[in-house]
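Okay, handing you the structure first.
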Amino acid sequence: MTAVNPVLELRNVTKEFPGVRALDCVNIHVGRNEVVGLIGENGAGKSTLVKTLAGIHRIDEGELIFEGEPKSFRSPRDAFNHGLAMVFQEQSIIQTLTVAENIFLGREREFLRFGVIDKRAMNAAAKVELAKVHLDCDPAQKCARLDFAARQMVEIAKALSLDGRLDGDVVILLDEPTSVLERREIDLLFGIIRELKAKASIIFISHRLDEVLEVSDRVYVLRDGAVVHETTSSDASITGLHEHMVGRQLDHQYYRENKQRAAFGNPVLSVRDLSIDDEFSNLSFELAEGEILGLAGVVGSGREAFARCLGGLLPPSGGEVLIDGKPVRLNRPHQAVNSGFGFVPSERKSEGIVTGLSVAENMTLAAGERFSRLGFIRFEKERTECQSWIDRLQIRTPSSKTPMQSLSGGNQQKVVLSKWQIFGSKVAVLDHPTRGIDVGAKEDVYELIREMADQGVAIVLLGDTLEEVIGLSNRILVLRDGEVSASFDAPVGGKPDQLDLISKMV
Amino acid sequence: MASINLRALAPIGVFFLLCFVIAVFSPNFLSVSNAIRILNASAIPVVLVMGATFVILMGSIDLSVEGIVALCAVVTASLVLNDTTGANLGLWAVPFAVLAGGLIGAVNGATHVYLKVPSFMVTLGIGFVCLGIATAALGGFPVRISDRGFRALTLGRSLGLPNGIWVAAASVFVALIIQERTRLGRYVYAIGTDEITARQSGVPVERTRVLVFVLAGLFSGLAGAMAAAQLGQGHALIASGRLFTTITAVVVGGTALSGGVGSVLNSVVGVLIVVVLTNGMVLMGVPPFVQQGVQGFLIIVAVSLALDRRQLEVVK
Amino acid sequence: MGKLIRNTVMVSVAAMLSTGINSATFADDLTLAISMRSLSNPYHATFARGGEEFAKSVGLPFEVLVTEGNSEKGLADIRALISRTNGNVCINVDPNDSPDAATIVDEAKAAGAYVVTQWNKPDDLHPWDHDPNYVAHMSFSGVGTSKEITNALIDAMGGEGGIVAIGGILSNVPAIERKLGMEMAVADTGGKVEILDFQPADWNETKAFEIMQAWLTRYGDDIKGVWAANDSMGIGALEALRQEGKAGSVPVVGIDGTEAALSAVEAGEMAGTVAWDPTWTGGMGLSLCHAAATGAIDIAAEPHAHREFYGTGIVVTPANIAEFRSRDASFDYNDYWAKSTGQIQYQ
Amino acid sequence: MTEKQKELLRNLVPIFTLLILVFGIAAYEPGFLRPANLITVTADTMTLFLMASGATLVIMLGSIDLSIQAIASMTSCIVAAMLPIFGGTALLFALAAGATAGVLSGLVVNYLRIPSFVATLAIGGIMTSVAFWASDERSIYISDADKSAWLNWATGTTGGMDNEVLVGLAVLAGLSAILSLTRFGRLVRAVGSQERAVVASGINVNRVKFLAFVISGFMAGLAGLVMAARLGSGSPTLASEFLLPAIACIIVGGTAITGGVGSIWKTFVGALIIAVVRIGMTFVGVTVFAQQIVFGLVLVLAVAMTIDRTKVAVVK
């Protein structure tokens, strides 16, 4: 299956970190005008591979061949200048700069006139690049004013701007570009990828297997730092790929529907006419112990704001929220937490985990009072309890004292979820709990969500995909323009169809 | 310019409010001659904040301001007609002072970047070194300037305004161009907002950091020359008290110490607020022993009015 | 790393061994030292130079310590010096703040070192209570000289009008004394001269400059004279006047007799300054201390007037500047009290 | 070497730096190593350490406290003015005043959301005014009787050891315990490294910051008491020129100015490094003209050695 003239090739690439062989003799090639999909579980080595290509990590053994010559990029910028552009999983948009400045960051030379930047020319050029991703926004505005999805499109526009500015081949690497995009935007992106194929080669990394199959010509599966499977998309199936990824048979009960509760406990949460100006208005519902309520809606529907409101991060402007019949204040996060809310934020890196603290310290962050006497920490109690959670949730960490930042994304998310279980939250508000984590870790998270429901925790869920919301929820509220447009019951065997939901979303 | 938005207007509002309050107590405040005096007293601080703003926008800090200004004032005073050395360069001493400042800035930047020492400590240490050199070079005595022509740099007037004001205005213009229209300016924002991302996007972080400290040094050097011209001498203590005024002005103007947010224009307003406060304290006849307290109180009020709190999710 | 640790240990062992030997050897060498606020002002620079000249004349090692305005640092340095010399040292100290003098004297006494203090000491601390280590205290009459220079200012103003006064750091003893002298002189005019405003500029030129600017707005032409508690602030005020084209037309006085101020007096831009004689205080303080330490004089037997005395502060005005410039400033190190102007009086 | 050993070694770097300095000086002037001298140097360092000890917590939060110098001066005035009237109660008054200043800083930072740099600078101004008011604008002596009755705990000796050292060690032990054994201490670290996540976890971050500022104010107040006891007086300028050295010793000890990483014993070692360099220069006989220059250079080099770059992604 070797292409005749691969544009980019990795030959026997090996990369070791202390104690781990992150990449083990990896062979990958990308042909001209080809879209190559790359999938793998959490910790399979995808991020390392990307960083190795970008020059952030050095290759220990093996070689990187670009346009037929061995290359070693010094930095992402160096790679970019040679024609290898990347769209990172974590956004690399500088919020205080304008859209145009972000697109051309580091390449302002093109617009210099007498040593100063010609802003008009730069904005005009940016407009051209934005048109390629069909994003209609003023290139002179600050990126801070754009929403997350629009920033992602800017990021893609930045990568695409290479096209036409370079003589040689262009390879564009998209690392999880769709995780924050809605279906409409994903379709747009795929359209762009198909257009680009005529001019460039593309490496597409995603955790959504269906998407990878949809857009790629060929797929590599990585596991434990090695390529375990390579196939053309036409020959592949989702189940097959998944089995290669996890190295075992796919559980048919992906969303653990067999564990979905049919009967619930006492009502816990009631939301009455809750509003935040310009975000959502008059939201009302009741939620019982053990019930999972899914929220569906496009970006701007108000569901993100609602979740942050329950977390105490966005104060409501009207209405009331009651827990166990008692009204609660949501002006500050600690009020929300002490009333019984546990909020799992979508931005895990900045809001979910405290990087400077250890795993155990993160786990007991909210429940600190229970682990201290007269302000002094009860270290033994903390250690044993945290260790039991680590074992139970199969969190991969050398010990409970390991710094949080050395864990992988999925394991970090498990720690965040355990934080609220240890605290004993009555209502868990999960804002994209599986964003940016892999299939295997996702299944663990689903398992955990079911377990929480079993223990009587009421759950408000903003899913990463509609499929996820449908699969996990007992009931689904669809939001449109800040108001509830529909409500669906979703018992096992009676799950609503995606199309029904979408019709109420837009 | 795009950077002038509503947020930049809040400090201006505070400034006018302050002027109004002082004018109620002391009608003289609103005279043209006092306006000129305030602008004149703002000249050196404005030049200083031009450099300091870039450093702070980058998330760093420059504590060597007093040292560089003093050393450059001494350099200037020694190069024009004076009572200690035989030199007589006249206004040509100014570029030398500016260059000397830039050189010290380069030492700051290079030490900070290549030894990976926080700017706080580097500039504190280099500031001590500069003051030490200024003291040792003169044995504790001042160099007195006898060159009238050179002193016209601040004493003379053009178009009815003291030249110092024009120099400051030119500095603001240059700083604004750098901020808005050069790669350096844009990179400063990028680094201040997110250094790691900026680096991955190909921003030459090290070079930019060094250059920004050079820039701050150049402005401090110019301020040193101006101080020498204004007081007619150069000595090691000529800049004492300038450091905290400079940083306070930058912050009062609305530039965040954490970097990424702010502008040189904000800092100009910050300087005006701080200078008017000092001026107003005397005009209103505030008793000396409570002045520092009143000033502290008013700075709190000014900043709390001028700050856009929605921008500050985290206050450090 | 291992090598580094090894070397460190070796150096330290060697150092410990030599400790005993060395401390025995430097017992004979008397060290002379001066301690003062900082080297970056002309007054203290000259003060140190005076000390250095005396040290050269007797061929003894000489050290300068600076407090940098920090009492704790001043004390720590003095302690370190006393410890290093085993108390075999003469120190001429200008304490950072008056109370420091007591602590310094205690330290010196405990170690057998000899001390002369300048300017600042508590009123109830006397050399004769700490014989023989506390040799003497030298000062200048802050109140008296300030009164004299204020009178010079009033004369230059033609005897009436409003003055503005710039003070030093509010709590500093010289600042308090000078302010008091100024107020007394103004009171003596019986209301003809009025203090429009008093502001402290903390001895700082630039602050004085800014305050003067504000005064020009507030009082304008009502300002007939400017009084400053030292020359630096006086020069700052003068430069603010120059900016308005008023240098020379509004008389300014300062205190200290710095070269800048003397030139301004010559140019007719300042109406006067008070010239202390820091060369004399620096040199003579050490000389007296040295004499007591070596037994050249029996300091305990000297009268109180020889233990706490004022030096000579000369009021320099445009009228006598030429004479002042041409005076013979030399003095004899062994004629200890030739320039004394009497025993210190306490208000 | 395992990660753990490396970590341990990195932690010990400040101590190695201190030892190198001590033995370096001793090589020139062996008298420096006399036990009596070492105790004196340590005792002389304690006021600096006390001022820096509380501020370490604030810096670990990622904030800064610039009011400590003014607070120490103020408490010295309060204790000196009140001892003759109230006896020992004056000590409590003074400490309470220090803590109150911290309360004010905490309130201004938390509720007006003003960056601590400006807030504490302003509060410091207010405290200076309080000091002027309490002292009636002059230095106040403490009589020997009052001193021996009420301040002996700070200046006397116990079992041959200067009490300053014992007070310093007690504070070192106490604050270290708070930092490493209590929930508050852990939250200080957490807030310093990732404040937003701590907020989202439902921690009342304001309470943590508030308490840190109060402790900082209290320790600065205590430093003022010890200073007053040592110098036998209170004065509004007693602690002048202590601010930057205090912050310098926190950073020289290896605490990151950006927050999250640090400890009290590092500050203790940092204070000793600063003191040893300063006093060492007098011992070695560095000429006073060069002292400032040497001090500045050694400061930069010391930090270059002591800061742990593995824990901070970006050096600002």
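Letters A, B, C and D mark the chains as written, and numbering starts fresh at 1 in each.
Going forward, contacts are C-beta pairs under 8 Å (C-beta built on N, C-alpha and C of every residue); 3 or more make two chains touch, one makes a residue touch a chain.
Treat the numbers as computed from the prediction; the structure is a model and nothing was measured.
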Set of chains whose contacts include both chain C and chain B: D
Chain separated most widely from chain A, comparing mean CA positions: C
Pair exhibiting more inter-chain C-beta contacts, A-B or C-D: C-D
Rounded Å distance, chain A centre to chain D centre (Cα mean): 44
Geometric centre distance via CA averages, chain C-chain A, whole Å: 70
Distance from the mean Cα position of chain D to that of chain C, given in whole angstrom: 31
Junction residues of chain D - those touching two or more other chains: 132, 137, 196, 289, 291
Where chain C touches two or more other chains at once, by residue number: 39, 170
Chain A residues counted as touching two or more neighbouring chains: none
Interchain contacts, given as pairs of chains that touch: A-B, A-D, B-C, B-D, C-D
Residue ranges of chain A touching chain B (in the complex, touch as defined): 54, 56, 75-77, 80-81, 88, 91-98, 101, 105-109, 112, 115-117, 119, 140
Contact set on chain C toward chain D in their complex: 1, 4, 8, 11-12, 14-16, 18-19, 21-23, 39, 63-66, 68-73, 75-77, 79-81, 83-84, 86, 97-100, 102-103, 122, 169-173, 176
Residues on chain B engaged by chain D in the complex (per definition of touch): 58-60, 63, 111-112, 115-122, 124-133, 135-136, 139, 195-196, 244, 247-248, 251-252, 256-257, 259, 289-297, 299-300, 303-304, 307, 309, 312-316
Chain A to chain D touching residues, read off their complex: 18, 311-313, 332-334, 336-338, 343, 345, 350-357, 361, 365-366, 368-369, 371-372, 375-377, 419, 423
Parts of chain C lying in touch with chain B, wherever the complex brings them together: 38-42, 44-45, 48-49, 167, 170, 197-200, 202, 204-207, 209-211, 213-218, 220, 232, 235-236, 239, 242-243, 258-260, 263
